[in-house]
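Same chain, two partners: subunit A is paired with subunit B first, then with subunit C.
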Partner chain A sequence: MSEQTPAAPQETKRTGTPGGAPPADEHRRVEAAAAAEGDTRSRFGRFMGSSFGRNLGLVIALLVLCAVGVATAGDRFASTDNMLTILRLASGIGVVSIGMTFVIIGGGIDLSVGAIVALSSVWATTLATQRMAEDTHWIVMVFTALAVGVGCGLVNGVLIAYGGMAPFIVTLAMLAAARGLAELISERRTQIIEVRALVDFINGDFLGVPVLIWIFAVVSAIGWVLLNRTTFGRRTIAVGGNATAARLAGISVKRHTVLLYALLGLACGIAAVMLMARTTTGSSTHGLYWELDAIAAVVIGGTLLTGGRGTIVGTIFGVLIFMTLTNVFTLNNLDSSTQAVAKGAIIVIAVLLQQRVAARSDSS
Partner chain B sequence: MSDPLLQMRGIVKVFPGVRALDGVDLEVRAGEVHCLLGQNGAGKSTLIKVLAGAHEPDEGEIVWQGEELRLTTPLAAMKHGIATIYQELDLVDGLSVAENIYLGHELAAGGFSRRGDTQREAAALLDRLGHREISPRREVGTLSAAGKQIVSMARALSHDVKLIVMDEPSAVLDQEEVARLFKVIRDLTGEGVAVVYISHRLEEIRQIGDRVTVLKDGRTVATGLSARDTPTRELTRRMTGRDIEYVFPERVSPDGDGAVVLGVRDLAASGVFSRVDFDVRAGEIVGLAGLVGSGRSEILETVYGARKATTGSVSVNGKRLRNGSVRAAVGAGIGLCPEERKSQGLLLDESVYRNVSLATLGRFARGGFLDRRGERKAAQEHVRALDVRPGDVDRAVRTLSGGNQQKVVLARWLLRDCRVLLLDEPTRGVDVGARSEIYALIRRLAADGVAVVLVSSEVPEVLGLADRVLVLREGLVVHSGPAHEIDEHRVLDLVMEGSAV
Partner chain C sequence: MSVRTNRPFRRLLTTTAAVLAGAALVAGCTSNEPEEDPDAAGETGNGGGDAPAGSNDEPGETVTIGFSGPLADHGWLAAVNESAIAEAESYEDVELRTAEATNDASLQISQIETFINEGVDAIVLLPTDGAQLTEVATRAMEAGIPVVNVDREFSSPFAARTTILGDNYGMGVSAGTYACQLIEDNGIEDPVIAEIAGIDSLPLTQDRSQGFADALDACGQTVDNRVAAEFTVESGEEQASNLLQAAPQIDVVWNHDDDQGVGVKQAFDNAGRDEFFFIGGAGSANAMRWIQDGEMEATVLYPPTQAADGIRLARLLAQNKGMSDLVQVEVPRRIVLNAPVVTQENVDQYMHLGFES
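Presenting the complex of A and B:
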C-alpha cells in the first residue's frame, strides 16, 4: 500500500542536483515535491472532493429530473403547489434519512426504521393515548411517539454495542418485532385520529409553508450542525471510520453507538408524528419499506455504507431525487412498478458515479 | 555461468501522476536468493506486482528462461512458475489448509473435489517445507502468522514453481520462526528454486541473501552486489543517496530523581504475562525488549486499559487507575501510539488536524459545539513543532508517509499534554531517513518531562533510546536494568535462552 503512494513525481527528482545534494535537503525536497504534486494532480480531485463538488452530480441529477418533469407534465409539474407536494411527501422519509445518515456514517445500519415508525404511530393513536391527549394537550401524543421511537432505538443500540451483535441482525429482529407489536396493539385496524388539534397544527401552514416542510428543514439544519460542528458529529465519523482508533483515543465507542441508534429512533418518532398528521391515522402499515428508501437516499447522497464518511446535504438530495422521480412518474400516469424499476436503476447509477469520483479524488 | 532464470530490462510502469517504475533492471539466477532493497516508495511492491502478473508494464521486457514473456494475469505468472507471497497474506481464513493450498487449481474429478488426494498432496508439500505439524485439515484462520506463511509457500510449491517472490516475509515472524523460514528457503534454493526476497532488515539479507539489487525512485541504482560483503554504509547510501546510519540522539543522562509518574505493580494478564513490575519517572524512557509473543505489546495495552488485567495495578502520579478502562487511562494523561498505526491509530481518510485533535475534542467544545478555528490552530502548532511534512493540516492522513503518519499520532498526544506516552513499535514502516527524526522526537519528549515506555522488535532501537531496559521472555521480565549496562548480544541471549541474571 505504502509502495503505491506516489512519493513524488520523477521529473522533479531527476532535474534536482544529481547525487551531491546535501542529505537534509534531499529529504525536504522529496517531501516538498510530494506536496506540490498533490496540489497539481488533484485540483480536479479536490474540487470533486469538496462538499460542493461531491454534490454536483446530485444537483445535476435533480435538475435533469426537473427538466423531464417540465417537458412531460408542463405546468402541472412546475407549479408551487406541486413543489410543495413533493416536499411534503419527502418530509417524513427525509427526517428518517437524516437520522439514518448518522447511523451509517457511524458504521452501522438500521433496517427497523419503517417498523419503528409504524409502532410509534400506533402507540400514539391508541384510544387510551388519545383520551389522555384530549384531557390534557395533543403534545402528549407527540411525546408518546417520540418516546416509543427513542425506546426502540435504545434497544437496538444497547444490543449492538453491549450485546456485541451485528447491526444487521439486531435491527432485522426489531423490524419484525416492532411491526408485529404494532399489529397486536392496533389489532391490525387503522386508528383514526380524533384529536383534531394535532392534525390541524402539524398538517397546517406556517408563514405560508406547510409545517411538515418546516420540520424537515429544521431537522436537516440540526443534523447538519450536529454532524459538522459538534464533538458528537466528529466522534460519529471517528467511530465509523476506525472504531479501534477511536477507542484507543479515549472515545467511548459503545456509548456513542447507543446514542446513534437512539437518535435515529427519535427521528423515526418525529416521522411517525408527521405521517400521523398527514394521513390522520396511526397504522401498523405505516412506513412500509421506509428502511430501503432511507438507506437508498443516504447511499445516493454519497455516504459510505462502510462508515466514516458522508454528508447531510447529500442525503437531502437523495431524498429529493427519489420524491421528484415519484412525482414525475405519477404525473405521467406511470404505475408504481415502473417507478420501482427506475429507482433501482438510479441507485446503481448514482453509486457507480460516486465510486468514479472517489477513485479520482484519492489516488491511493 | 548459466543463463539467468529471469531478466527484466528497462521496466517502466506509469500510474496516473507517477512513474512508479522508471527503468528497472533485475536479473535472477536459478537457485539464488536475490534480495531487493529500497525505501518505501522506491518501487519494490510495484515491481513484484509486475512479476506476479498483477500489473502489465508499459515498457521494457521480461525474459524468462531465455524467452521473452508477457505476463498479463496472475494466472499466467503462476503457469510459468512464478509465485508471489504477499505481505498481506492472501489466504481464505474459513477454508482448510489443504483447500487454501489448492485454491484456484483444485484437484477435482468431474467438478467434485478429491478431498483425500488434496489432503495427501498438501501434507506432502508441508512435509517438504519441514512443517509436518500443520494439519492439512486445520482451518487457516486458526494458524499463527508464521503458519499462514508456510501455507502460502506450500501453495506456491503446489504449482511447479521456479521463482518465489517474498514480500517482507519476516515482518510478522519472531526470530525463531525467521530461522525456520530461512531453513526452508535454503532447502528450496538447494533444489534450484530462485527466491526474490524483500526485507527492510539488513542483517537478514546478510544471512540469507546471495546478491542484492537496490531500487531507488523507481530505478535500479545498483545490482549484483554481494549480500554478505557489501558494507551496510554502502547499501544505505545507495538506498538514500546519502550516508546514514541509525543515529540516536545524544543521551541526556537522566538524573534519576524525577518523580515516579507511572507505577506498574505486579501486573498480570492470565496466559499472557505475569509479575510485571516497574516504575517510570518523569523524563525517563523505559524500553521493553522481547520477541513477538513475549507479551510486550500486551503489557502496553493493559497499562492503557485496552485489555483487562487479572491482577495488579497501574497508577499515575500515585493514583490507581480503573482496571480495563481506556478512558480512565487517557483521563490520567496516558497516551498510546499503537503498533498497527493504520488500523488502530488513524482515521486515514480524515484530515491531519482532525486526527490530531481526536483525543482532545472536549477541549475545543463549548456545549458540544466545536471551536474549529482553535482546533485547527492548535493542531497546526503541533504539526509544525513535529515537522510533519507536508505541513498542510487539511490533507488526508492517508497521503502521508509512514514516518509522518507516526508524527500525527504523536502530535495527538502532545496536544493532550500527555504525562505518560506508550510507544509500540514507533518506527515500524518508517523509512531510514525519518527514523532518526522520530528518535530525536522521543528524546525531546522525555527531556520535556514525559515518562515514556517504548516497545520495539529492534533491539538496537531499545538500547539506543531507553534509559532503562526490561527484557521479556514468555511473559516474564527476565532482566531489568540501565540500558548502558547491557548490549545487544546479551539481550538476545536473554530473549532466546531466558538465562536470568
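Presenting the complex of A and C:
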C-alpha cells in the first residue's frame, strides 16, 4: 500500500487544473477518457471487454450443458434439489480452486492441494482431536484443519520463495509427503466423526441453503474482493506477470509468494472441514486428484498458467461446468468412461472458446 | 529503507511463529490410540484359536514363510495384511518374513527374488498385479519353493502351487440373487434397481457388475441406474448424491464396496432418502453395525482373511501335509471363497470378520 498511495495524489496535482480539481471531477475525467478510448472499439468490443464478456465462452458452455440437462432429464435436472446438489458437490473443490487461482495468477502452481486436504481432514479427526473437541467445542477440529492447511502452505511457500526451488517440485514433494503422513496418522483407516455438532452445523441449512454452499459463496466473494479490490490482488497479478518488474517496483516478491501458498493452504483447510462434514469422515483418500480438478477448473476459467492474468468468476464457472457435466451424465445413466472422454473434450473446447473470445475482445 | 525491509520480514516471522505454535498445539492431536481395545482386527487373524483343531494345528517342523502384499491403501487390504501376520504369529512353527508392502510391481518382484535367494520354505504372494508377478513366481516354483497366490491371479498356471481367490463375480451374483429375492418377497412391481460400482477400469469391478447383471437377468430384472465411484468415501458420497438426483425413487441399491459405503450412506442420510433396500459389499465392521441397527439391509462378504488362509496353506505345503478335512492327501490347487450375504439374521456369526474401514 505504502508504495502506491503517495504516487496517486501527486499525479492528480500535476495533471489537475490549477487550484486543485475535486476528486469527483477527476473520476469523471477518467471515465470520459475511457469512453473516448472505447469509441475506437465496436459496441461488441466494449461488451466483450466487460467482466461478463470475458467469461462469455464459459457462460455459453454452462448454458449449453444446462440446456442438454433440461432436454434429456427435464424436471429431474431443473429441480431446486438438483441445483443444490450440484452446488453442494462443487463447494469443496470450488474453495480449493479459488485458492489455486491466486497461486496460478501469482505465477506458481500447487500439486499438493488434494494431499493437504487429506492431511487436514485426518489430523482434525483423530481420536485425540475429537476427544478435545468433545471436551471443549467442535471449533477445535475446524481450527486444527485450518492450522494444518496453513502450515503445509507455509512450508510450500517458504521452500519455493526462500529455498529457490521450482513450485512444481516442491508441491510434488508435498503431495507425496502430506498424503503419506495422513496415511501414517490414520493408519489408513477411515476416521468416523463422532462429534455430531460439527457435522450437523456444517452439513445443515442456513436460510434454506446448505451451509456448505454459503461457505463456497463467502469464500468466492472474499476471493473476488481480494483479487480485484485490494493491493494484495494487484500485487499478485504484478508478481505473476513479471516478478522482476514487481521486485523493482518495491513489492517483496518472496514474502508475497509465501502468502499466496499459505492462502491456498487455508483454502485447503476450509475444504477439508467441508469434506469432513459432507462425508462425516476424515480419510487419507480425501481429495484424491483434486490438484488436477482444481488446476483444470482454473485453466478453463481463463487464468493463464504462466501467471499474471485470471479471474475468480471464471474459476467458479470452471468448477460449475465440471460438476454440472458429471450430474447431467449421471442423470442420463452414462458410464464413467464416457464421462472421462467428455471431460477431456470439454476442457479443450472451453479453453479454445475462451481463447477465441478473449483474443477478439483484445483486438477489437 | 531498513524499516521497509525489516517490517514485512518480522511480520512473516511472527506469522510463522504463530502458525508453528498452532501446529505444535495440534500436534498432540495426531494420537489415534482408541480408548476401547480394537478386537475386530485382531480376531480376524486368530480365528484358528476357537476352530476345532485337527492334527494339522499341532506344531511340526519349523518353516519359514515369505509374505508380500500390496500397500494397504484401504481398510480391506489392511485387514488382509494384518490377519495374515496375526495368523502366522499364532503358529509357533512358522517364521514369517514380511516384505515391505508396496504398490510398485518391480519392487515386489525384487522382494520375491530375495525370498528365493534366502531359500524360504514357502511364499504367500498377494501381487500388486497378477500378470507382472507371474514370471518371478514361476522362478520361485522352479527353485522348489511352493507359491500360494492370493486374491489377484497369475497369468500362468505354473506360477503357483495353490491359488486362493475371493469371488468377485460370485459377489455380484449373491447381491443380484438377494435383490431378486427382496423384490419377490415384497411384491415390488417394476422395481428401480441402482448400482454404485467401484473403479470401473478394474477387472474386479467388471466381474462384480457382470455377476449382478446376470443374477438380475435370471429374475427378469435389469440395472436401471449405474454410477461408478473410486473406492473412496468422498467419491462414494459424490456419486451417490448424483445418483439420488437421477432416480427420484429407488427400490434396491447395491454398493460394491463398504469402504466407499461410508460416503454413500452419508449421501443417503443427507438427502433423507431411505425408501430402498441398501445392499453393501466386502463386509466392513461399519456395514455390519448398520445391519445390526437396521440402517442397512445386507452386505455381500468378500473375505479379508484370504492371505491368512494363504499362510495356513503355505505352512501345510512346507510341512508336506494335506488339508485334514479333505480325504485328498494334498492341498488343493485352487480354492475360491464363498461370497455369502450377511443380513440381520446372521450378522452376529460374521461380525468377527468385519474389518474397520
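The working rule: the second predicted complex is superposed on the first by the 309 of 364 C-alpha atoms of A that agree within 3 Å, B and C clash if a C-alpha of one lies under 4 Å from a C-alpha of the other, contacts with A are read in each partner's own complex, and residues count from 1 in each chain.
Assume contacts are C-beta pairs under 8 Å (C-beta built on N, C-alpha and C of every residue); 3 or more make two chains touch, one makes a residue touch a chain.
Small disclaimer: the values here were computed from a predicted structure and weren't measured.
Undergrad: State whether A:Gly241 touches subunit B only (first), subunit C only (second), both chains, or neither.
TA: first
Undergrad: With the two complexes superposed on chain A, say which partner A:Thr231 touches: subunit B (first), subunit C (second), both, or neither.
TA: Only subunit B; A:Thr231 stays clear of subunit C.
Undergrad: Touching A:Arg196 in the superposition: subunit B (first), subunit C (second), both, neither?
TA: Touch status of A:Arg196: no partner.
Undergrad: Which partner does A:Thr326 reach: the first (subunit B), the second (subunit C), both, or neither?
TA: In the superposed model, A:Thr326 contacts subunit C only, not subunit B.
Undergrad: Which of the two partners, first being subunit B and second being subunit C, lies in contact with A:Ser252: first, second, both, or neither?
TA: Both partners, subunit B and subunit C.
Undergrad: If you stack the two complexes on chain A, which partner ends up touching A:Gly308: first (subunit B), second (subunit C), both, or neither?
TA: The answer is first: A:Gly308 touches subunit B but not subunit C.
Undergrad: Under the stated touch criterion, which partner chain does A:Thr129 make contact with: subunit B (first), subunit C (second), both, or neither?
TA: second
Undergrad: Which of the two partners, first being subunit B and second being subunit C, lies in contact with A:Arg356: first, second, both, or neither?
TA: Once the two structures are laid over each other on A, A:Arg356 reaches no partner at all.
Undergrad: Can you list the residues of subunit A that touch subunit B in one structure and subunit C in the other?
TA: In the superposed arrangement, which is not itself an observed complex, subunit A uses residues 2, 252 for both subunit B and subunit C.
Undergrad: Please name which positions on subunit B make contact with subunit A in the complex.
TA: Those in contact with subunit A are residues 15-20, 22, 40-46, 217-218, 240-244, 304, 306, 326-327, 329-331, 336, 338, 343-350, 354, 358-359, 361-362, 364-365, 368-370, 372, 389-390, 392, 395-396, 398-399, 401-402, 412, 429, 433.
Undergrad: Residues of subunit A touching subunit B in their complex?
TA: Touch list, subunit A to subunit B: 2-10, 13, 19, 21-23, 26-28, 31-32, 34-35, 37-38, 41, 225, 229-232, 234-235, 237-238, 241-242, 244-252, 308-309, 362-364.
Undergrad: Please name which positions on subunit A make contact with subunit C in the complex.
TA: 2, 73, 76, 79, 81-82, 85, 88-89, 123-124, 126-129, 132, 143-144, 147-148, 150-151, 154, 158, 183, 185-192, 203, 252, 255, 258, 262, 275, 278-281, 283-288, 326-327, 330-333, 335-337
Undergrad: Along subunit C, where are the residues that touch subunit A in the complex?
TA: It comes out as residues 4, 8-9, 12, 15-16, 19-20, 22-23, 25-26, 28-35, 72-75, 78, 200-201, 224-228, 230-239, 241-246, 248, 259, 262-263, 266, 270, 286, 356-357.
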